[in-house]
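Here come two complexes built around chain A, the first alongside chain B, the second alongside chain C.
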Partner chain A sequence: MTTAQELREKKQLHFDDVSVGQQLPPLIIGPLTATHMFRWSAAIENWHRIHYDQSFAIYHEGLPSVLGQGSWKQSILPRYLKDLCLPDGWPWKVSFQHRAMIVPGDTITVWATVTKKYEEEGLGFVDLDVGMRLAYDAESCPGKATIVLPIRGGRAIPYPFVPPKKLAGN
Partner chain B sequence: MSQATPQGESALTPEVKGVIGATGEKIEASFPWGIEREGLRIFTQAIMDPDPRYWDEDFAKTTKFGGIITPPIYCTYLGRRQRPGTEDPVTRAFQENPNSDGIGGVRGPDEKGGLPNVPTSLKRILNAGNEIELRQYPKLGDRIYSQARYGDIKERVGKDGTRMLIVTTETTYTNQNGEVLCILRASQIRR
Partner chain C sequence: MPRWIAVGRAEGWDDLARFTKEMKGTPQWRVDPKTTITTVYALGDGRVVAECHAPSQAEFDEWLKNKGWKVESVTPIRHVAKAGDIWDVRKS
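The block that comes next holds the complex of A and B.
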C-alpha cells in the first residue's frame, strides 16, 4: 500500500524514462476482507447483498463468498494511474473488462506494462496494458490505458487536460 | 432466455439506428451543497487512497490543481445516493419482497435523465466493458451534472451466427461552469 507521505513526495515519472515493454511499479492491495467490501458498498450506497451478506451470496446466489464490486475495481485502476502520473502527469483514459471474481482473502496486484510511446503536440503519450492480478495469477480486470507524462525540457501538460485534436475520439 | 435475432436478419434495424445519438436530460448528480469533505473522506478511505491532495488543504494548494481535489471518477457515483426527503428505498424494497437481493426495487428507476429504450427484441444484457476518460478533477464545493447519450450501437455476429448488439452509452460529467470533468463510456452486449 502507498502512504500519504509517499504520495506527498512522489517523484515525477518522465516520458523520457519509460520504454516499450517496461513494467511500471505495481500497487498491491490486500488481503481484502468482507469488511472492505461492506465499506465500499456503504460508501457508494450499493445495497446488492452479494457484496456484504455472506449467507445470501452463498446459499441464495450460489457464489463462493461475498464478492468484490466491479465499481470498486473501476475506481482502483484510475487511482493507480493517478499515482503513476503524479505530480504533473495526467491519467487520460482507461478501458477495462471485468473477469475473475474477487473474494475475501484475495490480494490484488494492480499492474501496468508500456506498450507504446509517442509525442503529439509536444506532449508525451504512453499506452499501457493494465490489470488487477490475483495471487493465483488470474486476471480480474484486464484493460488498456493512456497516460500523459512530462517530457524533460518540454511544455507543461495542460490542466484541465484537453486531448490533442489528432487523438480526440480515439 | 436469449431472444436471438434469426440468422441473416440484421439486429441493427433502422429503428435501432434511430436512437444512436439520442441524448438524455442533463441532471444534477450532486446534492445542492456540492462536493463536501465528509463524503470525500468516506469515498477515499473505501478505495484505500491516502493521497493528501484529498484532505490536506495547505499541501493541496501547492499542487498544480490549486486546492483539494477528488478521486478521478468520484463524480460518477454521486447520482446513486438517496436524495434527502425521498422515500427510503431499502425499507420499501424489503416490505415488498423480504428476499430482495438489495437491488431489485431498492434502486429506483431513473426518472430523470434517462435514455429511450433501444427498440430491440434482444433482452439479455451483459457488461462488455467500460472506458473512463478524465479531463479535470472535481473540487470541493463543485456541483456535478451528468448527461447520457447513446454514443454508438454496432452489430456483432457470434460464432454460431447469432446477431447481437453492442450498445455504448456515453455519460459526460460537467461542473457548474460547464467544464467537462470526465466521460464514462459503458458498453453492453444485447443478445
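The block that comes next holds the complex of A and C.
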C-alpha cells in the first residue's frame, strides 16, 4: 500500500519515460478482511447484506463469503491511475468490467500496461490496459484507461484538465 | 446450491499451524468459482468436519482427496441454524 508520504515525495512519471508494452508499477492491496468490506459499506451506506453478513452471503445467496463491493473497486482503479500520474499528470478516463468476486483473504494487484502513446496539443497521452488481479491469477476488473503525462520540456497539463478537441469525443 | 458435511480424519490437522497452512489462503477454501469450503472444524477427538457448497458432490470429494482426508461420511445438508439465523440451504 502506498503511503501519503510516498505520494508527497513521488517523482513525476513523464511521457518520455514510458513505452508500449511497459508494465507500470503495480499497487498491491491486502489481504482484505471482512472488516475492510464492512467499513466500505458503512462509509458509502451500502447496506446489502452480502457485504457484511457472512451467514446471509453463504447460506442465503450461495456466495463463498461476504463480497468486496463493486464501488470499492471503482474507487481503487481511479486512485491507482491518479497515483501513477501524480504530481502533475492527469488520469483522464478509465472503463472496466466487474468479473471475479473479491472475498476476505484476497490480495489484489492493481496493474497497468502501456498499449499506445501519442502526443496531442503538446500533451502526452498514454493508453493502458488495466485490471485488478487476484492472488490465484483471476482477473477481477479488466479494462482500459488513458492517462495524460507531461512531456519533458513541454507545457504543463491544464488543471482542471480539458481534453484536446480532437480527442474530446473519444 | 447443494451443501454437504464431511466427517473424517486428516493427519496433522489437530496442530493449529498445520491447520492454518491448510485452510488460511483463499485458494484453500475457495476451490473454484462455484465451490467453497465454508467451515472446517478440528474436533477434540482428532476427527475433522468440513462443510462445502458446490455444484455437485464431486467437487467436494476432489477437495477431500487432494487434502488427504480419510473420509468417514459425506452427507447432504437440509437446513442450518447459525447463532439464531435459520437457513433452508436447499433454496440458496
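Rule of thumb we're sticking to: the second predicted complex is superposed on the first by the 170 of 170 C-alpha atoms of A that agree within 3 Å, B and C clash if a C-alpha of one lies under 4 Å from a C-alpha of the other, contacts with A are read in each partner's own complex, and residues count from 1 in each chain.
FYI, a residue touches a chain if its C-beta (ideal position, glycine included) is under 8 Å from a C-beta of that chain, and two chains touch if they have at least 3 such contacts.
Remember, predicted model here, so these are calculated numbers, not experimental data.
Considering only touches as defined above, state whether A:55 meets chain B (first), chain C (second), both or neither.
second
Looking at the overlay, does A:113 come into contact with chain B only (first), chain C only (second), both, or neither?
Neither partner.
With the two structures laid over each other on chain A, which partner does A:22 touch: chain B (first), chain C (second), both, or neither?
neither
Once chain A of both complexes is superposed, is A:79 in touch with chain B (first), chain C (second), both, or neither?
first
In the superposed arrangement, does A:135 touch chain B (first), chain C (second), both or neither?
In the superposition, A:135 touches chain C alone.
Once the shared chain is lined up, is A:64 touching chain B (first), chain C (second), both, or neither of them?
Only chain C; A:64 stays clear of chain B.
In the overlay, answer first, second, both or neither for which of chain B and chain C A:100 touches.
second
Counting residues of chain A in contact, which comes out ahead: chain B or chain C?
B
Of the two partner chains, chain B (first) and chain C (second), which one does A:160 touch, if any: first, second, both, or neither?
first
Where on chain A do the contacts with chain B and the contacts with chain C coincide?
Residues 56, 60-61, which sit in both footprints.
So in the complex, the part of chain A that touches chain B is made up of which residues?
These residues of chain A touch chain B: 1-4, 7-8, 29, 36, 39-40, 42-50, 53, 56, 60-61, 70-72, 74-76, 78-79, 81-83, 87-88, 90-98, 143, 159-162.
Which positions of chain C touch chain A when the two form their complex?
Checking each residue of chain C against chain A gives 1, 24-27, 29-30, 33, 36, 38, 53, 80, 82-83, 85, 87, 89, 92.
For the complex, give me every residue of chain A touching chain C.
Going through chain A, the ones touching chain C are 31, 55-56, 58-65, 100-101, 103, 105-106, 134-136.
Would you pull the chain B residues touching chain A in the complex into a rising list?
Touching chain A: residues 42-43, 45-53, 56, 59, 63-65, 71-73, 77, 80-82, 90, 99-103, 106-107, 127-136, 179-180, 185 of chain B.
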